[in-house]
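Pasting a structure here, questions to come.
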């Protein structure tokens, strides 16, 4: 695979012609303000040169656009005035599932006051069992949008079906791809096409390399606004619900320019563990946290065990702030 | 969760009324020739009785319709005159990816001659990398359909997007849900609604219980024609591509009435291992096998390492037949 | 690493001198009737030649003596007139733990009658909890020895401590290294020095490569009588106690000349699964099976759930025999 | 299982008599200044009472002495004036393997200056391959002892064989049980009998519960000076050598009174990851860190990839100190 970074304001029609004449596949992209051409396989393209090319990189890894081989500086994903990947650790908080406007409003105000920047909440819910609460769907999105606007927080919520893309385009600020859809390649392409910021969870059985390849599907559609989210992998251990792979998260940071988020709620499975996992993720370098908060967790319609109360969340935010400061960051 | 098996030809409008008056959720289904009502949660329904009820079962497991608690006799899934779950071990064979009509035709004739009953081939291909061959899509389906009709074999191929359901409804005999979409609940519901036979692969990070719950989504839409397919799980071992979980397959057989298929090609990752894994699956009780065969594996556009030649497949079929006989089965 | 296979009856003192003069480490071994020299690292030895050398092999894999790169023909491990690795599938059966002479005698007679060749039973028991029955120790070995002699079956039992090696040397026919001690390198060396047949279980968290490297420790001490035993690995799946890695077993067979055994009892965890796993292992090419049988499993002091009754074992032996026949083998 | 905490200075001979007359197994222990009696199984002991009993606890978990059900206050393990489990985070540092006196001396002085309290170094080395450097053995212990005395640091090193216990008793301050011997129950009992502080690594395939049960073997011999060490588990992920299970470590802290150590070097596998994993472990609540430092890592005889230089270690210590302060601890 060759990646050509093109010179700014330079005509590259001759290069395109050369590629058309070779038997190579190629794709033209504009990412992060750069014109790029991807061309493959190697044997057809390695001898091509053109003066429109600023840099030509032969990429050996199975992910290209998400790699930091060609883009050394970290990417910052902007959602309104929230900047993920900057010095400030961004916290998205809210209920596992949207249950009612009142519930979302109560939580949104509380988490904003405590320092959260983004409002999260599930409207379409991927549930292991068809008999579990499946979310309010479109109605849930409307509630989130309304409360987000009221309180002044951009909203993050999960998409499950390519057929819902218009709703997400119109109402949602950051689109989450959940762990169960981490290799739903149709859905990845679709959110790539929408161009909106994407929070891409790692699949519970996926390697770090596969996670970066999933991001590659989105970037390949020209959407560079991807935040990677580690949320725990499947291992033999059962004292936690999933194993938060802090090492994999750190390894990913060394491989990519994309910002990285950690979700301590899902791997914890029980709220006693959430604070420690959140702090560990921050200490290891996470740029963002995704935390479940419910006004009355014991009555929650899903994931009751792992959601924090607003009070506990406030304490956590204070701990995160002092930790961030010790690390030379902000929260 | 209560499962009511209703008496044949008995009016159950009174029961529906009772359920409507309770605060319970309930769903009426017709599966395997039986009228069923599912009603939950327990506290609202445990005192309901009605003379239209033949049997009332209180189900404690997280899967209900796919469990053999209420349906002891094994389910047979019929595709034309191919019966999966009967005494005969059914073999589906064909290329990993449909590449051309000629390729499919060559393989189809060879595998049919050797004893395969179903023609498999990938048209829409879920690939870890966006730079890998993504399949011929709709054109691939047309090739499969044409060759299947010519040779006289029903076809099995994978669906990846809810938006493609009409094509699958019109052209495909058995719809495969791949491992990456094993918990794509929108897609599971969609194939449930189509009503056609489904080959449901186990997700590479999913437990047996989650696999049965995925099947539950399909059955819950009234489609009982589900064959479960074990294709290897993610473990730390790397001498094979995935770990074929023969034990999990056997455990599933003790939990469900649905027939079970094994895919020895994907976990093997290299063709030297395919025969042994196929024979092991048959010895352990698989009702069906899914095997990749390519006329010239070394030139295959995907999974070149693990596809069998037609010659090797024929040898394998002969070994399967003699093994099946020793086990009192047929192949 | 260089492996020199020396010519028979040829003086190799000159070669030793050359090696002494180089800075290489080297070791002289006699294995399977061949004189061998291992020498490393490569840079010191690659130019050494000598006319006593029949074949010189540069080994790149992390295991050498256990690899089939230098020894193509399968190794047969002989215990009296029991030959493991030959055409006949050898079955070792007996109780998880030796509880009394009467218990062992009852089982031994039953399993022998059904066709088992070796008597297995635990005397020193590695138990996860110090509060579980820890085995009868030396007394257990004496019971096994006595019953083995009476019934005419060689005995297999597990060693846990290097300090017990004399007892095992004097009384035991085949020494088992359990999964928990699969990388207890002191113990591996010790059984290497004893020279007796070893049944080497794979560690529950070990790769196939590490398993062969564990065997390498034993062969490196000059003891080539090693049978590898797959007994299930740790994965996320919980419907079985461990995941019997049939694929890893088959992969190992392609890498080594050593015979391979499967233990279906431990991964099953419950007796309903034992038959299917045993048959799968035979179909996949196992040379030996290790099966737990107890006269009254429900009263067993350990692993009550997974031990077969003598009646069930007899049925299984008959199924194994007919399967073996279909595979061109014997049992 | 019943655990009786006995009153101080109270005669309990009558209780012993009652237990002798029952059919129960029981064991008298003195741990943390308390006389304890463990008695089981439940049905024989549940009706026993005696006035020498201060508290009687019916324990349902598979670990008893290591549980915090009976001992709420955290245990502090003292090695000279180093207190593990107190407010101060204790750091043990040194080379993976002892190679020479000079090497150990250089590292010891550097790590002490940077703030490490304990000197670690491998003398007996458990190596996956018999062809890897196996450590200097007894000579290595002598070097560690000499340098430790010179520099004024207690020493930590690994035991591999019960037959070496006298050397460890005489020369070593804290005895490490490695991951490969985490369920070598003979060795666990032996270090239990020695009474010295033990650093007990979690086995790479062991659950948190099994880890606590391994500790139980040591406590059961009357040795309460156990520090648990998380060092990464085996998972499918390969961007790191092992998966540091921060969640499992936090879960363990909620289950036990024993202090907890994290080893970030082994799971990292490469030094770029060590800092982040060390900081994450501290943020999650680790009481101790075990870190590999080598004067010239690229020349190390083992684990060259993951050892820090003294300079990098000093930077890490400073980061740990400021993090500890932000958490209200000390380092």
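Note that the chains take the letters A, B, C and D in the order they are written out, and that residue 1 is the start of every chain.
By our rule, contacts are C-beta pairs under 8 Å (C-beta built on N, C-alpha and C of every residue); 3 or more make two chains touch, one makes a residue touch a chain.
Bear in mind that the values here come from a model prediction, so they are computed numbers and not experimental data.
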Checklist entry - Measuring centre to centre with C-alpha atoms, which chain is farthest from chain B? => result D
Checklist entry - B-C or A-B: which has the larger count of contacting C-beta pairs? => result B-C
Checklist entry - Approximately how many whole Å separate the CA-defined centres of chain B and chain D? => result 48
Checklist entry - Using the average of all C-alpha atoms in each chain as its centre, how far is it in Å between chain B and chain C? => result 38
Checklist outcome for this item: Between the Cα centroids of chain A and chain B the separation in whole angstrom comes to 32
Checklist entry - Listing for chain A: what residues touch at least two other chains? => result 205, 233-236, 238
Next on the checklist: Testing understanding: with touching defined as stated, what is the shape of the graph linking the protein chains, line, ring, star, complete or other?
Outcome noted: complete
Checklist outcome for this item: Residue set of chain B touching chain C in the complex reads 205, 207-209, 232-233, 235-240, 242-248, 250-252, 254-255, 267-268, 272-273, 276-277, 279-285, 319, 322-323, 325-327
Checklist entry - Mind pulling up the chain A residues that touch chain B in the complex? => result 1, 38, 40, 62-64, 126-131, 160-163, 180-181, 183-186, 203-206, 210, 213, 216-217, 220, 233-234
Checklist entry - In their shared complex, at which residues does chain D touch chain B? => result 234-236, 238
